[in-house]
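After the structure tokens below, expect a handful of questions from me.
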Amino acid sequence: MSATEGTPAGRLTRQEVAHVAMLARLHLDDEELDRFTGQLAVILDHAADVAALDLDGVPPTSHALSLANVLRADEPRPGLDRDEVLAGAPDVEDHRFRVPRILGEAP
Amino acid sequence: MSGVPGHDGWELVVGLEVHCELKTATKLFCGCPNSFGDEPNTNVCPVCLGLPGSLPVLNQRAVELAMAIGTALHCDIRPSTFHRKNYFYPDMPKDYQISQYDEPINADGWLELPDGARVGIVRAHLEEDTGKTTHAGASGRIHGADYSLVDYNRSGVPLVEIVSAPDLRSPAQARSYAAELRAILVATGASDGKMEEGSMRVDANVSVRRAGSSELGTRCEIKNLNSLRSLAHAVEHEAQRQVEVLESGGVVRQETRHWDEDRGATVTLRSKEEAEDYRYFLEPDLVPVVPDDGWRSAVAEALPPMPAARRRKLGALFGDEPVEPGGARSDQVATVVDLGLDELVEAAVAEGVPAALALARTANEAATDADAARRLPLVSYVALLRMEATGELTATQVKTVLADLLRDGGGDPAELARERGFEALSSEAVAAMVADAIAAHPDEWGRYRSGEDKLTGFFTGAVMKASRGQADGKAVAAELARRRAEP
Amino acid sequence: MRPSPARTASALADAVRSGSTTAAAVVEESLAAIAHGDGEVHAFVTVLADDARRQAAEVDRRVAAGEDPGPLAGVPVAVKDNLCTRGAPTTCGSRILEGWHPPYDATVVARLRQAGAVVVGKSNMDEFAMGSSTETSAFGPTRNPWDTSRVPGGSSGGSAAAVAAGFVPLALGSDTGGSIRQPAALCGVVGLKPTYGAVSRYGLVAFASSLDQVGPFATSVVDAALLFDVIGGHDPLDSTSLDRLPPRMASVVGDGVDGLSVGVLTEHLDGAAPDVVRRVHEAAEACAAAGASVEEVSVPEVRYGLSAYYLIAPAEASSNLARYDGVRFGLRVAADDVVAMNTATRTAGFGAEVKRRIMLGTYALSAGYVDAYYNQALRVRTLIAEAFATTYRRFDLLLGPTSPTTAFALGAKLEDPLAMYLSDVCTIPSNLAGHPAISVPFGTGDDGLPVGVQLMAPALAENTLLRAAAVVEAAAALVDGDGNAVGVEEQR
């Protein structure tokens, strides 16, 4: 059964969940896709009270802090030992991090 | 000249995005050295490797260099915030870039081109650079590589991204904008402007439209413009490509294209049909930067004069003779300003050296080793140029002595000239040699006296030969003219 | 089983500093307790026995040499496994970080070591701190020492259980939506979430950066204050670290609540179990008996906290957890190209709850939805902060339950994310506002399991919070294990 069946208009769809999984670099099989679609839809339904509030004119708060201009002097600090850094890496060649071929250019 | 070269009736619209690496001692958010060309992965720490638990702390110097750039580009310097731009890429350790989004530190400025045109600056914001990827395998390019290797030394190096308005109308103007921007970046001390080392990187947004239209056409973004030359070529080729597409009834697709220097053409990198979804949101690990008036004016007061002002100042040395834009003298002025050799010219002129001579020697000879020239004691340089102005040394001799001065980092030009055996010929000696030459070539002398001016060279050559190059050409010419004027 | 807590940290440190015992002996006792009891409780992901013995020996050397060994000399501490410990595993309860040894110490860990504390192990947690039961750990659940069929709460369940079981007198946890206070309540120990910015986050593996705070677990309020004094204060490596140094909290703990005003938050009583509500009322009476004015207060905006939190926290998490891509550290699952490798690694390395929240957060931030969800949640955050600001003009403190229920059975809510999320309903508002809050044990519920009451205060009012917590703690000592308050009535 597809989780999109019988869901009200505007509810999260299976296709949206698949798209989000792609953006997040996660692979979901068919069963997971159904399960996640259902579970996320329930959570988003619960958030509908928030989504429905009329908050025009209320500024967003990203942060509880009211700090500004937290700056550091432009002075070098010791970094990490290269061998220690590379020892924790999955694959290394020539003192660099090795990755499989890259198919697309950076945006 | 505006328009699309070779295609009448079309207008070219170009905006440039320039990424400039700032010349700080350390990276934007950590204390690792900001240094080019070191052994891979030696300038790294938890922050610039994006290790779990690490947090960014903003570099004050980077903020001030960004403000300096904003000031030089006549921008509003505003309270600003940082956002996360989310996308996965192996050269980006956190898989998001910390960048300024809807509240950039600098906005709404302008830059004046040497021809007087003003180009709008939309914004100039701070962001972090990525690591560097080397592609291993047959081609050495990303396409066809078997695998890639990543070095994070560059990761987190501070960048200012400067976005121009789409105000540029020709390949030459695009080039001129990039050259002028580079000169400004160097002058502020924010950047070394080295395009070949990637410390200044230019992307061009190019579109075309029918002449007279006010709507913007679909634009393509061109990447990989590694020099001013390739910028101009790429813009020209891309404009022609778009016009050809449109004239044959096609449509230009919005996409990112790559300038292929070898083929002399732009090629598709990526179609923008599927828009990127960067999921920007305010970076919770950083707080806003809110410059007050005191901070803004301290940055402004510390700024040296910008290239346009310096060019005007050099131009003023010529008095009533204006420096024509695009002419040879204007190029010399630009070179002197670019290389920061203004002081040499100004000091020489102040000591009575003719402006044209001071400019020529500085732009042509001193410029060959600008680093040494900037370190040269002004007294040495001025003394040497005076010896040329008074005819004590010939132009050739001055060039030789100047090379010695640059090599030695200074010295007494008179002494160097003596060591070289450049004995200054007295005016009596010159007069005697001219007299000898006249006596040896009576026919030529007769023709010269009756108005054949081109024989000046013949006599000058003869005197030069006799003096083994030590006579000053101008002094010889003056003596010849004096003799001709004698009854 | 009713656990028997270890001696207090203050008593242990005093004994080590005075030479009446050695750090080595204290640490051996802790390691022995862990060896004996942790098979059943599973509070630890990693026990660092050798490291701990080395650190203890160093403390003893300092004592012998007449140097100051620090305020926590020889005190064994459990450190939540999302705090980086140099050279020692730091897993965040996830397969994706299995085998990763950070090359640096978190600031709080460095400060612990500086203070003479001994890190005996890394405590279990919900994967990346996403959970309220410590069941989402990739390394198996932690069990509640009071009843091992029950959860210890989460996500810092390992730290809470380690203190409750008497393995260590102190532990560090992190609290994003209640992850210190809720397990403290369910395990019957004290848990403090400091003001946002009061404790450095440098080296705390981020879940939701604008909400995360490190804080102490202890068996007493004064011990919690002692640990807070050690870990708190400005850190130049954290841009959100406050430079207003809090005063030494441990010294004000005994100052009482005479003259303070306490509001009992009715919205948090509404959804709570009757036995829990009864305890909250008893705690309120204890405050009144000690001279505070107490009245009920309604702050309706807090009801939106849960929804806002479950949009904001996953949104930040979706970005914070992007770096687990198989390139630089931790797990890699091989694949032909880099996108396939990233995807295979993350798919294999993350558990279901982490994936669920990454998906939720990615969705809430994605084009077309960001205004309806994420930005709307940030506006709700403003409403809640403003409502608190108004309320704190009338009250010094707010009081309510920490968790709506006592510890629930293992597995009871694992398949129902929303039900699990609801167990954080009382703790979340303080995180959204950035305010400090503390959970203090106050007797037991009808099932004989601990009840925690929560005290909340405005930003940087930790001293008020700790004073009131000590009053509640003293009253709790008069409450018997069968749920009958003893002596409170008489005190009035």
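Every chain is named by a letter (A, B and C) in the order it is written, and numbering of its residues begins at 1.
The criterion applied here is as follows: contacts are C-beta pairs under 8 Å (C-beta built on N, C-alpha and C of every residue); 3 or more make two chains touch, one makes a residue touch a chain.
Because the structure is a prediction, the values reported are computed rather than measured.
The interface holding more C-beta pairs in contact, when B-C is weighed against A-B, is A-B.
With centres taken as mean C-alpha coordinates, the chain found closest to the middle of all protein C-alpha atoms is A.
Computed from the mean C-alpha positions, the centre of subunit A lies at a distance of 24 Å from the centre of subunit C.
Averaging C-alpha coordinates per chain places the centre of subunit B 57 Å away from that of subunit C. Work out the mean CA point of subunit A and of subunit B, and you get 41 Å between them. In subunit A, the residues that reach two or more other chains under the touch definition are 23, 25, 62-63, 65, 67, 70, 72, 80, 85, 97, 99-102, 104. Across the assembly, subunit B contributes residues 46, 49, 57-58, 88, 90, 148, 150, 277, 279, 281, 284, 286-287 that each touch 2 or more other chains.
Contact with two or more other chains is made by residues 100, 103-104, 210, 236, 239-240, 318, 322, 325, 327-329, 338-339, 342, 362, 366 of subunit C. Those residues of subunit C that touch subunit A in the complex are listed here as 100-101, 103-104, 196-197, 210, 236, 239-240, 242, 304, 306-308, 310-311, 318, 322, 325-332, 334-344, 346-347, 350, 355-356, 358-360, 362-363, 366, 372-373, 375-383, 385, 417-418, 421, 432-435, 459.
The touching residues of subunit B, when paired with subunit C in their complex, are 46, 49-58, 84, 86, 88, 90, 93-96, 148, 150, 275, 277, 279-281, 284-287.
Those residues of subunit A that touch subunit B in the shared complex are 23, 25, 62-63, 65, 67-80, 82, 85-86, 93-102, 104-107.
If you check the complex, the residues on subunit C that touch subunit B are 82-84, 90, 92, 97, 100, 102-104, 106, 201-206, 208-210, 236-240, 315-316, 318-319, 322-323, 325, 327-329, 338-339, 342, 362, 365-367, 370, 374. Of all residues in subunit B, those touching subunit A in their complex are 24-26, 30-33, 39-46, 49, 57-63, 79, 87-92, 130, 133-137, 142, 145-152, 223, 256, 258, 269-270, 276-277, 279, 281-282, 284, 286-290.
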